[in-house]
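In what comes next, chain A is part of two complexes: it sits with chain B in the first one and with chain C in the second one.
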Partner chain A sequence: MRSINPTCKFFGIFLSAIILAVFYVPELNFFVLAACMAATVSAHPPAKLVLAVMLPTTLLAVGIFFSAYRFSSDTVIGAHRGIFSDVHMLNGLLLSGRLLAFAALGMLFILTTDQIDFIRSLNLQLKLPAKFAYGIIAAWGMFPRMVREYAKTRSAFRARGLRTGFASPALLLPLLVKSVRWSEAIAIAMESKGFSESGVRTALRTYPMRSRDVAFLILPSLAVIACGLLLTV
Partner chain B sequence: MEKRGWELKDIIMMGVIGVIFAALYLASTSLWVAMQTAMTPFGLAVFAVDIVYGIWFMAGSIAAFILRKPGTAFLAEFMAAVIEMFMGNFGGPLVVLFGAVQGAGNEAGFAALRYRNFKLPGMMLSAVFAAVFSFVAEIITGSVVLLSLGLTVARLAVRVVSACIFTGLIAWLAAKGLARTGVLKSYPAGADVKAPKILDD
Partner chain C sequence: MNSQTNSSRDKLSLENVTFSYDKDGDHPALSGFDLSFPAGGISVLTGPSGCGKSTVFYIAAGIYPKYAGVLLSGSARLGGTDIAALTPEVRAHRIGMMFQNPDLQFCMDTVYNELVFCLENISTPREAIGDAAEDALEFCGIGHLKMRSLSTLSGGEKQKAMLACAVAIDPEWLLLDEPFANIDDRSARDIAGKLKRFVREKGKSIVAVDHKLDVWLDIAGSITVMGQGGRIALEMEDPKICDLLGLPQLGVDIPQRPYRLRDGAAQHAGEPPEGRAGGPLILTDVSASVGPGGRKEIIRSLDAEFRAARSHALLGESGVGKSTLLEAICGFRKYRGRITLAGEDIRPAPLRRPRNDIGFVFQNPQDQFVAATVYREIMIGLKARARHGDIADPGAEAERILRNAGLWKYRQLSPYMLSQGEQRRLALSALIAYRPRLLICDEPTYAQDLRSLLSVMDMLDANVREGGLTLLFSTHDRKLSRDYADHIWELTSEGIYEIDQSDL
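Our next item is the complex of A and B:
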């Protein structure tokens, strides 16, 4: 999974999620969930990251199930058989299952893709302007600095005996001020080193589109369509 | 309304706002999970997301307030969504789609006033549009039709109120506060401030 072209992986997963949204088949959601879990686990991500994604999603799915069960409309779309003959149960499972399937698709992407590779790949494959690609990379690179600054400001308040909440304006305003200054400094630094949109640019890392990347772009969507149609009839 | 093209510093500034708000968005996702879990026994869990939803439009409105350029609200919200995905939001690629839709809503609000109002009414209108756009997207992808009509209308109302509070009022106060520090002097938002209150290291 990790070696798939990031742009192909993004759009392969994105298209599958969109197609999944048009099917009203509870089993399909759970098939997608199982397939994504298997594909994610095969890439050996840390177990705690998998839990960090799936645990809150499961809590949300249970909540949505009961909401949909209690406040279900009388609308019945798609499957209406077996345990799904009860419309409340059917709608509850559809909505909660869909959330789990969407989360599993998202997890497959985020736990198997490097963020910088993804942006560079968008730059090379989809011709995302370099200003945007490197602008986002520069901003993303400031994240650890922002975390340190936020912790420093919070400690400064604590040292003065003042308690601040997680998203207190007293913490966010200085962070915003410094971040705006850093962003200007980085832009000036990049431009003074010759960064420009118009010049010829070479890339140290390239992200070729091989046949298996193209297959990943298309096959998951086709699989969702095929499973959806099979389960609908 | 500014008509110059995108400069690198504008893009990095939107990205930086995206990073800060993506972290806030992710934290609100945890708040949503906690609230939804607490509301589950009452069958009202679906309201939890609408209560926090207004937070998720703030990046677009604040960036538009600073740059005052067509496209800023959309791009900043879109970038915040991409960065939120990087930070590990479980929505993955769909977060980017929702970010784009929300950003389009933000943008439509400012565009409806021809990019001439970046005060409270403009910020409020942008918030309301973002709430409505996001709700329409959810009707399509989240099968909201399966829930009763009364519940759906109540959810939209809660979402609009949340958007007005967070993206309308709080984002406007935050952006004004930022402008007053003098740090935005090289941006259009800084031109309105006569005597900045310097906030230095």
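Our next item is the complex of A and C:
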């Protein structure tokens, strides 16, 4: 999974998610969930990260299942058959399965792709302007710093005996002032290293589109359509 | 000064520059300013805060007026070329830069990716990028940091990574803006050695802007001192320490000369030994961890006793855990072991009101302002004391404190509008207003010029001597600890030790 061109991977997964949204077939959701889990696990991401995504999602899905089971309308959109003949059961599984399937699709992409590779590949393949691409990468690096600074400002208020709520404007204002200053400092530093918005640059890493990348772009969507149709008929 | 036609030996100059930060140009920071730096050596530009040396740096680097201000006349030139007219990718070949804050100069995630980013920017052919990056890492002696994430590096390591970027881009000139402000002495000297090699072996030229000359004195070919109002006060070729004796009058600190002369024993006469704190601060077997999930134990089993009503300096290399220890004492950070002040355990109890008898002054004063005006910033502490019946008239006390700090005239301004030195004094005053028993300062003189350093330290000193405050401050400046601390402690990876003044 890791070696697939990040842009192709993104659009392959994105298209599948859109197609999945138009089918009302519970089995299809679980089929996509299983496929994504298998593909994610085959890339050996840290088990902790997989749990961090799937555990809360599963809890949420169980909650949604029971809500949808208890409060479902008697009319059901789309076809249903087989084991899901009960309208309430069908409604519950449809909604909770959909949540799990979307979460698994997202996880498959995030846990098997290096974010910087993804953005660089968008820059090279889709001609995303370099100033956006590298701006996003620089902002990404600033995020942990913002979290640290927020905690620091919060301690400063506490140390002065002032109570502040979560995301209080008094805490966010200094963060905003600092963010503007940091972004300017980073922009100046990037420019000092020869980066320009319009300039020509070379690329050490390229992200070629091989036949398997094109296959990944198309095949998952086709598979979802095929399964969806088969299970509907 | 020599002006050759060969492009690699072009001199860098500012010619008749008038530059203003406001659009009307009523108060220009530089007016008809001329200065040139000879090629092929290290030139240092120094002066007190607000003299305009940073403005000179940013104009010479081609960053101003693009990012701020208006250039009313003149230009910065490299040989015959107007620097502001160069595009970034062309300029990078001619002028490289290194900035004061090592955290705010990288775009990518790892050292290697950052080097690749630089080399790609200047259109280095793909097949040459790998070798060029390796050479730069080797020149800076940081091959072992190649794949490390930049956010995990210490300040000194980040500055070396930044130097590696400059080496990889290989510009004719390298401009440095207080590159050692955030790093310890040893890393600073290490980097200075590499800069010297960069000049000697690769035939490069360097201009450094710095308010401290310590590290530069041995390697600088010329020193230029700017005075107030953006004029040149003194120019020296091949400076020696004896040439610098007049610098303190110009607001510039000089190496080896003490900040002040003191008579430690006499100053403590007649003062109760337990001070305001009521007793010493004692650490028993204190450990603390940092990093995600607290995985990395950074300070381990520390034992120390800090005497009351004395000032204590805490020395130690960057990244050894000074800030972590100070934060633990203030209750900002979890720790194991026991910390007591006058026999009382200071661990914050859950759900209890935060204590304010232990004050903490952040390294950057802007991190701790909580009010919209200077006056209100002070009043928060005073009102708290008035509630406890500690003082009768908070307004009068605020005036006294602000006048003492020389900030009364700015009382209606926002704290953010003050100068760096004034912000620092306000941050201290705001905490002194609580009349804390123990005051902890994280690098109180960080990025301060001589005048501001003296005013901040004298203010702290007066509170220790006259108010019986217990003061613990961290610093990289050994001279500062010798001249202002009663006790000097050094934190190392092995533990914390009190060291003798004569060892400094």
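Everything that follows uses one rule, which is that the second predicted complex is superposed on the first by the 217 of 233 C-alpha atoms of A that agree within 3 Å, B and C clash if a C-alpha of one lies under 4 Å from a C-alpha of the other, contacts with A are read in each partner's own complex, and residues count from 1 in each chain.
Just so it is clear, a residue touches a chain if its C-beta (ideal position, glycine included) is under 8 Å from a C-beta of that chain, and two chains touch if they have at least 3 such contacts.
The structure presented is a predicted model; accordingly, all values stated were derived computationally and were not measured.
Once the two complexes are overlaid on the shared chain, A:R201 sits against chain C while remaining clear of chain B.
Within the superposed three-chain model, A:P144 lies in touch with chain C and out of touch with chain B [touch as defined at top]. By the document's definition of touching, of the two partners only chain C reaches A:S192; chain B does not. By the document's definition of touching, neither partner reaches A:I225: not chain B, not chain C. Of the two partner chains placed by superposition, only chain C is touched by A:A159; chain B is not.
Once the two complexes are overlaid on the shared chain, A:M89 sits clear of chain B and of chain C alike. Of the two partner chains, chain B and chain C are each touched by A:P174. Touch criterion met: A:A17 reaches chain B, while chain C stays clear of it. Set side by side, chain B and chain C differ in how many residues of chain A they touch, and the one touching more is B.
In the superposed pair of complexes, A:V50 makes contact with neither chain B nor chain C. The interface of chain A with chain B overlaps its interface with chain C at residues 138, 140, 174, 177-178, 182, 184, 186-188, 190-191, 195.
Touching chain C in their complex are the following residues of chain A: 116, 134, 137-138, 140-141, 144-145, 149, 152-153, 155-162, 170, 174, 177-178, 182, 184-196, 199-205.
For chain A in complex with chain B, the residues that touch the partner chain are 10-11, 13-14, 17-18, 21, 24, 49, 52-54, 56-57, 59-60, 62-64, 66-73, 75, 77, 91, 94-95, 98, 102-103, 105-110, 115, 131-132, 135-136, 138-140, 142-143, 146, 166-167, 169, 172-184, 186-188, 190-191, 195. For chain C in complex with chain A, the touching residues are 61, 63, 67, 87-89, 91-93, 95-97, 99, 101, 103-109, 113, 116-126, 129-130, 150-151, 165, 169, 327, 330, 332, 353-354, 356, 359-360, 362, 366-370, 380-381, 384, 416, 430.
Contact residues of chain B toward chain A in the complex are 6-9, 11-20, 23-24, 27, 29-30, 32-33, 36-37, 39-41, 43-46, 48, 79, 82-83, 85-86, 88-97, 140-143, 145-149, 151, 174, 177-178, 181, 183-184, 186, 199, 201.
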